[in-house]
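Shared chain: subunit A. Partners: subunit B in the first complex, subunit C in the second.
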Partner chain A sequence: MGVMTHSGRIRVRPLTKANLSIQITLIGLTLLTIYSFSTFDARNINLFAALGEMLNNFRMLFFEPRLKNTDWAELWHALLVTIGLGFLTTIFGAIIAFFLALLAAQNLAPRWLAQVIRAGTAFVRAVPTVLWVLFFAVSAGLGSVAAVLGMTFHSAGYLIKAYSESFEEIEPGVLEALRASGASWWQTIFQAVLPASASALLSWTFVRFEINFSTAIAMGATAGAGGIGYNMFMASVYYLDLRELGALSYAILLFAMLLEWLATRMKANLGAKG
Partner chain B sequence: MQPLDIFHLRRRHAIFFFLVLAALTYGAILVTEYDTVRGLSAIPRAATWALRNFIPDAEAFARLPRILDKLLETVLMSVSSATVASACGLVVALMGATTTRLHPWLSLPARGIASIFRNIDVSAWALILLFSFGQSSYTGYFALFFVTFGFIVRVMIETIDEVSTESVEALRATGAGYLAIISQSIIPACLPQLISWVLFMIETNIRSATLVGILTGTGIGFAFDLYFKSFNYSSASLVVLVIVVAVLLIESLSNAIRRAVL
Partner chain C sequence: MHLLQVDALTKRYGHETLALNEISFDVRPGEFVAIIGPSGAGKSTLLRCLNRLIDISSGQVHFDGVNVSSLRGTALRRQRTQIGMIFQHYNLVNRLSVIENVLHGRLGYKGTFEGILGLYNEQEKQEAVRIIESVGLGEQIYKRCDQLSGGQKQRVGIARALVQQPKMLLCDEPIASLDPNSSKIIMDTLREINQNLGITVLVNLHQVDVALRYADRVIGIKRGQLVFDGDPNLITDQQIHQIYGSESGDLMLNLRERYAAA
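And then the complex of A and B:
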């Protein structure tokens, strides 16, 4: 609805609560951004010179990749370790999350229990994965054990939220009908809840696998988890070898793009089914 | 011919699916050299250790102002990198989306560049950018910037193509110019979605910034790394606590904004 203003122009967008919130958010983000630049710890770096250098570095990285301190067999093995780490933590996380999500869904478990588990998982998710991994490294030592534990923890926290929300979308009538016919709790889970939410669980798990693959790279670089992240860390910090870093980057890029393509296809399939 | 039993078939599929998963899991355990027994036994040990050592003490609270300072640095970096990257991402998404692109040939490069930026992990970007920016805030800033940029271009291309076909056609029929169509129809229609994604990226970036900070020696990640590696566990635990509070606060703030905006 157009409203005449003092200047005689027609105000096209009325001042609703939503529009006002959008404007306040945009102004807030802009102010915070401007303020943040004044707190930057630049450490004597000339931004424009460094940006020029960055473009030159990108040229070396993307157009002159080659391996020197690692060979191709080692590269593929390292990539496999990283994929394995991502896969393992997704599976472990999914198993834990499935059972706890049943207790965190408000239509399947007592309200107080669901709320306790939700609060716990919110805490687990709020701690960045790298801190979980370093935390477990104190008692398990730096390496794959700490990485698996830490990443599993965070994955479980993420998947409990996703799974329990999928469970809550199930038609209440279906559950009621099964309960009325005398089905046990486990029977309702396996005959109604699981079949109805299986495709949603599968796609959430795959999303988490994508996340865990990139987390596994990061854990190799920062928390001694091994895999291709460790090779990248060595190429960058010890050998100062951009060209090798380029070859390693292509390897992770390839696999990440494959995962993204699969996820898009999966989403399209799910959409077609219902 | 005997009719197929659907329940039998479904069960057979399920069993096959779980057998494949079990085999892959076993393979992953072998390849990562993960020791299941050591892993399981480490959990109770970690818990008892945490109860004894991983609790903030008075000495740690004396460091609180300095820790909060570092936290502010990290939060501000996450917000500003997400905001600037989203603004740039929106422009590139306009070039990449089918309804708003200036030329069909622009679409593929826009999508391709975005794909490279988001599919190289933020930690890998940090390792790459260390060469140009050293251990300064710029390294983390641009690492977060690139990943956010790639992500925003992708989701905004989808959003623009979803919201805009009919209104663009209508405006074109009235003879509106390209810029008028963009600023009067497309941007207002996409803005709530864009804000929702920016908030999502701010939440993601705070976690990533902690990680990147360990690599580049900046912000709250560096504070944690410093205390942790000098065995000052009570101060490190305070850092974790402060991060948790900040993440939960920002999550609930952005949920409130989302409810108001969408």
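And then the complex of A and C:
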């Protein structure tokens, strides 16, 4: 078999099964897109007017932010409630996760136990946070209690996986050395495992805090957990006030940036101090 | 009176693999014993059976009159404090300082909570500082271990073992990752510890020439069996051939001749 095709040209990319299936998928998606556009019912819509409206909405949202139904004091209070919800669930989740992760790490716990915990946490993670909140709402009622329980549950599931994988990256020799000198299991954990993985644990906890902060906003809007999410919900659904929604978004953005800056600094400090 | 008595020690992995096959030898207090043999012969397994990092399949190990083979839990921890161990890859917690790593050698003497919180008493700290200075790391005492050279790391490893106040040191390939100069410093340090402190030293070595130069006694292991046990001056070229297999044996002998000439 030569490199020439029937027409006498040279083929650069061989026609393998993988290439063929990618090409078929792309062609299929293109055809579907064309078809769906052709079936839009756009009779009552003037495309240019609609586009103008949309840009106008964006302008109100991003360039004309102001507060109306929420005052400044209330804004900061609401933001604090949301931060508190994110912080509390992260801390609870982190404490639970630390101890369970020790038992889920294959280099620290018996194999069967590690596997049981892993399977359990995989299930906890597979169910979205919102569903856990709704699940706890059955017993606790829709509100902040259900939100705290549900978010803690999912955070723990997430952090157990992250922490235990950090623990497993520790050099096996270090654990062996401490065992050889007569150290007990708990001593090995706190004298070798924790110092060696501290920076990784901190990174993962911050990542989870960011996730929990945004989840806390959503929970305020959907699960009655209060906080800035609730104010956004009101501004959006009841007052149809894009300008206020913009102001609230900026407040959240500001805090997210502050958080990022704080995380970077703490990690740098830990790296220097050891 | 022997410090260490190894009697028909056997270690089996699964049903097939026989890592150690009925190994017997005794070690007197204060001896410097080198264990030589090719990679995979079972040298590391042997050392780890002596402090029970690995469980023994059959046979007996007595250390200082105590039957090590059946120890469990706290009794095993107490036993391990009597035996220091030094590793090829140093096995330090890199993020911690020299003195923190050295103090880890005291954990076996501590209660669980004192150990978890790292509460060492003043006497232990003084002893740690003294030992760190004695291995020549007085300047590096608060340095993080990942900032040290290989030779310095190994000296931290030795200090960590010494702070245990052990009766015996097990050294698993202590110079296999070091350059010749650092290797000499480490081997000299081990010999000084042996001669000045009277601590028994068992050292696994790849380098036959180093073993012959430093040890009072050489034990040869091949495929899990003890094939030589005696005075390093009495080991013949033929026996070295036998331990290492002919081809690598030739290399060893060449090295030995060159040392003899130098």
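Heads up, the rule we're going with is that the second predicted complex is superposed on the first by the 208 of 274 C-alpha atoms of A that agree within 3 Å, B and C clash if a C-alpha of one lies under 4 Å from a C-alpha of the other, contacts with A are read in each partner's own complex, and residues count from 1 in each chain.
Just so it is clear, contacts are C-beta pairs under 8 Å (C-beta built on N, C-alpha and C of every residue); 3 or more make two chains touch, one makes a residue touch a chain.
These numbers come from a predicted model, not from an experiment.
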Touched partner set for A:Ala119, first subunit B, second subunit C, both or neither: neither
Partner chain in contact with A:Ala177 - subunit B first, subunit C second, else both or neither: second
Touching partner for A:Phe190 - first (subunit B), second (subunit C), both, neither: second
Contacts of A:Leu242 with subunit B and subunit C, given as first, second, both or neither: first
Subunit B versus subunit C as contact partner of A:Ala73, first or second or both or neither: neither
Subunit B or subunit C, by number of subunit A residues touched: B
Touched partner set for A:Phe135, first subunit B, second subunit C, both or neither: first
Contact residues common to both interfaces of subunit A (with subunit B and with subunit C): none
Parts of subunit C lying in touch with subunit A, wherever the complex brings them together: 51, 53, 77-81, 83-85, 87, 89-97, 104-105, 107-110, 112, 115-118, 144, 157, 160-161, 164, 170
Complex interface listing, subunit A residues touching subunit B: 12-13, 17-18, 21-22, 25-26, 29-30, 32-33, 35-37, 39-43, 45, 47, 50-51, 53-54, 57, 61, 80-81, 83-85, 87-88, 91, 122-123, 126-131, 134-136, 138-140, 144-146, 148-149, 214, 217-218, 221-222, 226-227, 229, 232-233, 235-237, 240, 242, 245, 248-249, 252-253, 256-257, 260
Subunit A to subunit C touching residues, read off their complex: 171, 173-174, 176-184, 186-187, 189-192, 195-196, 198-199, 274
Parts of subunit B lying in touch with subunit A, wherever the complex brings them together: 21, 24-25, 27-29, 31-35, 38-39, 42-43, 45-46, 49-50, 54, 72-73, 76-77, 79-80, 83-84, 115-116, 119-124, 127-138, 141-142, 184, 188, 191-192, 195, 198, 207-208, 210-211, 214-215, 218, 221, 224, 228, 233, 240, 243-244, 247-248, 251, 257, 260-262
